[in-house]
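Handing you this structure, nothing more for now.
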């Protein structure tokens, strides 16, 4: 038995045990939960063997498992985040109901993600994809808040994506006679033109849903904000990357063989960019930290999609690097929100203020992650974004780069809002009792923040694996060629020279911070939360323009036309129309037995009249 | 081998005739004997199923007259698969309802088990018989036991449902007789194999018209689209487990009859396409109707009809993969719909109107039942790793192999609807506050046994479908081998 | 020839009785008419050389079916439009009250 | 043509005539009781004689024919009686109104007591 | 004789089919439940007549080897439809009895026999 | 001989038609029942004649059963009409 | 509107039906080789049953009959369920008042002969028309006569059950005897005898007697149940 099967079995058994261990003892449950995450991770990292292949042979179908460098890269993200989020979850779930439920689905979705990554054939890929979908669905509705809308929306969108994928899978099977991904790639060139177009589109629909691409993203804000934060960190950090993983494969292997290659690439890239822009605007508008981060996640995924879709080696590198970085900092941020929510009971940016003294470590994690998110130089986000811009410019997508740049800049607004909302500003009596979150929650955040910092300085740590992963799909050696020719490093030397610059910036920053800290301590005075007169401007009476309330209103007013058309509304209206239509079809069954008999008669008559055409 | 196929029919009938006598002496025997008989039938069918893997189809003649003169019973891999499945489900229904009704001591309640046993027997008879008129008789047996079971509760609406069923059933049986007569007048035989053999002798016009009448007659029982108005009412008004019996036993038997008639007897081209069209219509109408139901059992009923439509589609594809898919779907539908009906009727057990909103918050009060219902719902949506997924994959693969891309798209998009209404119920079970002042009924131990065994089967098949794919494969091959079937029966020598 | 006429008239009477049975609002008469159908049918069966079936039709169609129909009528209503009449009467009563 | 056949033929003709007359009576008579009269007496006689005629034609069948005759002779009046009584109870009086010959009156009263 | 047979061909089949259609018409249009059951039984009668006439043989005799008819095998009409009709009649009676029992129950609950008012179960 | 039979048969058919007319016209239930009764008897006689025509003894069974059961049917209707049922 | 549609549809259906059935033809044999001759010869030569319909119903297609009996059994069972009433109602009488003395004594005298007639019909099932079903129906009708003429004539339900069950068991055990002796259900285990003898046809006569008893009991049960149903 191969290590992959063992890992999957461990996950399954652990999930079942954990679900029911709650009857024994809470601690046993927590321990089991952590063991179930850590043991497979250890097993996996001890036994990495790219070339091994396991086949579970069912009579009709052969499920093939094995690793590719690309999936190895994503497996890093998954396991890393899973372990950290697991510890965090144990802390967060202390004394809460439905612990077994959360643990069970948490483990199952981790297992499913792992399964997706190691699947070498489409059936097992789909199986794990679906398991991932329903286990995450069960966690999305965890809160029990508005489940009929949010949950169903999530599931329906996922199902649309998954079924599109399934359709592609069976078509591929009928054309190539095999479910293997490699066979699909090999046989793709021989397919007819229509199928050649249809299959990638269907697959991209499937992956696009999970990657929250524009017309398919409507589930994401609600789902991200409704799942428990310990899970959302995995959900946004790792699960959405499964969509990226699929897209990478499709773009690397299938799209390149298409005659319409550039068109599809442009369309998807534009969709990604628009997703990024619009959702950034929406994020600015949010008052709830969870929703803010959810929209922000969608936006970040948009960048990644842009990178993957453009598909030049550097863009690919940028996309995957951003994917990794997004996993790191967005999970941290969700964890931060979770911690704040656990300690204060709310995640509304308007209500919570001034936690910087109460929860300093959480604030630190939030600060670092926000900086990374915003793409400010010393941290990891900056590297990724820079590479993205550069790849876009070098491949002559000037409009695209403008859009991406715009949304990236606009992201500062919500970054600031987030940071200010929770941690800065005046302390209020209401939150005087708030304490720092327990260590088991803080430590994962800090570890993740540390990774952000390290990757800002040493991006090659992660770029090398990405490079080798992409090389597996026939990408030219990006790291050694393009990376070194890249603008940022050419001007400032190679990556070794990067370190002093970064450290220099960091030192200046620290000094400045210390300076500000001491200065402010002396000159502080009492202001109300709504007093912003320090900026030298007298607010108009009817507008409340604190950072929290309507600070960005002028900006939002300017971009309002872009936000007016909400995909959500259209989709809901469409769904409602459909349901009304179906309400009409059920009138066929009008309850009168005689009518049914008349249907039978008409059925016979119709068949008799059509018999010449129907049968021959 | 424990016996021959004729015992499938004879032993239950013998028991049915004896039970009224033993019931006078020992009241519990009315409940126990059907269970013993059903278990015996299950053992018999499984042993026969093993037996025929070595020897090939078992054909039993009645009264020593070889077919086409006498009636014959055919236990082939195909019919054996159906029979085993139906008997197994019948046994589970028996286990489930052993203590189901509280006033089990009242007189009609005692008849429940006899009716159930004969329902199973009739369905098995439909499947096993090799004679078209004998099939008519068994359809009537199934019909009348169905009417009896439907109106088993002396409620107002159950009589209504039973009457609708009876109305449609009567029209159907009339047209079945007509169709049988047309065939007989041309070929002078009633044996299915010989009819199939001689079918080219019939003129095309008569062929088409008799086929249409057959379709009407069998379509009523098989819940084909314009003929299925009775079905949701019956599923709703019959006692909970009987809904499962209808979905799992009667509909299966009727599907078998449809396939026997369309596939084995007739050699018309276009008939299979017709099956696809009807199946897809049934599927769409039933699933869209189910979406807006506010009664739980009615929703399940429409879903069941939709699934049967899907089965028809799969048969209509007509390739071996299609039939494999259809049989897999049938298997899935039997066990999953059984589980859903079983657990669903406990979720709304104490409620009068049995609205979907009555399941609110049951997850806390009936945890095991709720989990089982959820498993059933997930399985029927076709989510892996439950058994429903393999069936769905099989039918889609079969459709793709036959280059029916539009069909795949339709099936998948309707499946989304299916997911929606099932998940709405699941959400209600776990995440809605319970309605106040409602008692809940804990499932009895026998009901739990039945439900849990179904749940385990769903999971096991989901993880390891090979347990049954062998049987299904053989059954599909058996159905495809039309000439073999004819030859087996017409050249039997004993 | 006479045989043919006999058959003809039997068939005609049968169809007449069937139409009458469907048309008649008084269910008792309709049931009796259906009894007559069975009666003529069994004579037809004798003419068609099927004494077994004739006997069965006589026993079941003429006697038993008619009888259980009558019992059913006894337990329900005799006239098909009884319900309509009831509604009409209620309406009249209402209008009279007003 | 034997003597038996001649007798049989005559009986058959008589029987069929009576049957026809009975039917004619049913058609022509003015009210229920009169029709009942025609419908019972004439047809009973007609049927009996017709069947007996067949018995004469086929001497081997005589046993079963006698049984049929006995059954008819036995059952037909009873049914007519029951019908007449039912009609009487439903106050379907005669076409020729004569209340005095309501011979059923006392039986009715008896019945009422029984109830 | 051939001509008569030709006429009978149309007459008997026509009458049987008319019976069937009349019964069906009654079952489909009449509102009274009893009428519907009646229509169904008339329909059955039509089918039975149809089946028996299919088995008929010109100048045939009943398929019974009673004394004196032992050797008329070639003349005998087809016994199979008769056996089938026998079964069908009995089954039809069983179904009718159940139907009427249901009608009685329905009347008890709804106090009407109109089928278009007995539709609590719909949609 | 056959002519006699044919004659009687045709006359009986006339009777059958007459009773059928009475059945349709008959104002009361009693009239209709009488018509039914008459038709039954004519039918019995007709079957006996037919069995003579076909020269089959066994058809008499049908007539026998027919007569008995028709009588019971009439009694049931009568019992219903006197509201005893 | 609805009626018009139905009429049009029925007309179309009728046209099609008449078209095909007149095409089939009346009074001729329509198929080259069917099972008909096999039945006729088999009945005469092998089974020695003079009534071919009986031999088909009981032996060649005896399985149908088994099913048919079951249908009636089920019908009576379902009827009992549908028209079920609580115990205290059962004592109710079938009719409101008895018939006149004439009818009553007539019925009393006729009843045995009707039962006898029924018995005759099913005992001679293999010789003459009729058989179990017809005989059973006649007997049941006799019971019906008694039930509606007498005010409190009652049939013991238990006794009916006994007769019904034993007859059914007899039928099936005869069939099973064939199964064990000749390895085929319903095969003949008794000597065939001579054509047109009362004791001919082997097991067929006995089975038809069993069927007769069973049908009689079942139909009586049905009539009894439905007659005692009062509002």
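Note that the chains take the letters A, B, C, D, E, F and G in the order they are written out, and that residue 1 is the start of every chain.
Operating definition for what follows: a residue touches a chain if its C-beta (ideal position, glycine included) is under 8 Å from a C-beta of that chain, and two chains touch if they have at least 3 such contacts.
Note that the structure is predicted; figures quoted are calculated from it, not measured.
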Item checked: Steps needed, at fewest, to go from chain B to chain E via touching chains -> 1
Next item on the list: Specify the chain most distant from chain D by Cα centroid.
Entry: A
Check: For chain C, which other chain has the most distant CA centre?
Finding: A
Margin query: Quick check: more C-beta contact pairs at E-F or at A-B?
Written below: A-B
Item checked: Between chain C and chain A, distance of the C-alpha-averaged centres to the nearest whole Å -> 75
Check: Where the centres are mean C-alpha positions, what is the separation of chain A from chain F, in Å?
Finding: 88
Next item on the list: Provide the C-alpha centroid distance between chain F and chain G, rounded to the nearest whole angstrom.
Entry: 23
Check: Taking each chain's centre as its mean C-alpha position, how far apart are chain C and chain F in Å?
Finding: 16
Note to self: Residues of chain F that contact two or more other chains, please.
What the structure shows: 9, 16, 33, 51, 54, 56-59, 61-62, 64-65, 68-69, 72, 75-77, 79, 83, 85
Notebook entry, point to check: Among the residues of chain G, which are close enough to touch at least two other chains?
Noted result: 2, 6, 10, 13, 16-17, 24, 30, 34-36, 39, 51, 53, 61, 64, 67-68, 71, 74-75, 78, 82, 96-99, 103, 107, 110, 121, 127-130, 133-134, 138, 141, 144, 222, 226, 229, 231
Note to self: Residues of chain D that contact two or more other chains, please.
What the structure shows: 71, 75, 78, 82, 85
Margin query: Taking the top-of-page definition of touch, could you list the pairs of chains it picks out?
Written below: A-B, A-E, A-G, B-E, B-G, C-E, C-F, C-G, D-F, D-G, E-F, E-G, F-G
Notebook entry, point to check: Given the complex with chain G, which residues does chain E contribute to the contact?
Noted result: 5, 8-10, 12-14, 16-18, 20-21, 24-25, 28-29, 50, 53-54, 56-58, 60, 62-67, 70, 73, 76, 78-80, 82-84, 86-87, 90-91, 93-95, 97-98, 100-102, 104-105, 108
Item checked: Contacting residues of chain G [partner chain D, same complex] -> 96-100, 102-103, 106-107, 109-110, 113
Note to self: Show me the residue ranges of chain C that touch chain F in the complex, using the header's touch definition.
What the structure shows: 2, 5-6, 9, 13, 16-17, 20, 28-29, 32-33, 35-36, 39-40, 42-43, 46-47, 49, 51, 54-55, 58-59, 62-63, 66-67, 70-71, 73-74
Note to self: With touch defined as at the start, can you tell me which chain F residues reach chain E in the complex?
What the structure shows: 54-59
Notebook entry, point to check: What does chain F use to touch chain D in their complex?
Noted result: 1, 4-5, 7-9, 11-12, 14-16, 18-19, 21-22, 28, 30-31, 33-35, 37-38, 41-42, 44-45, 48-49, 51-52, 57, 60-61, 63-64, 67-68, 71, 74-75, 77-79, 81-83
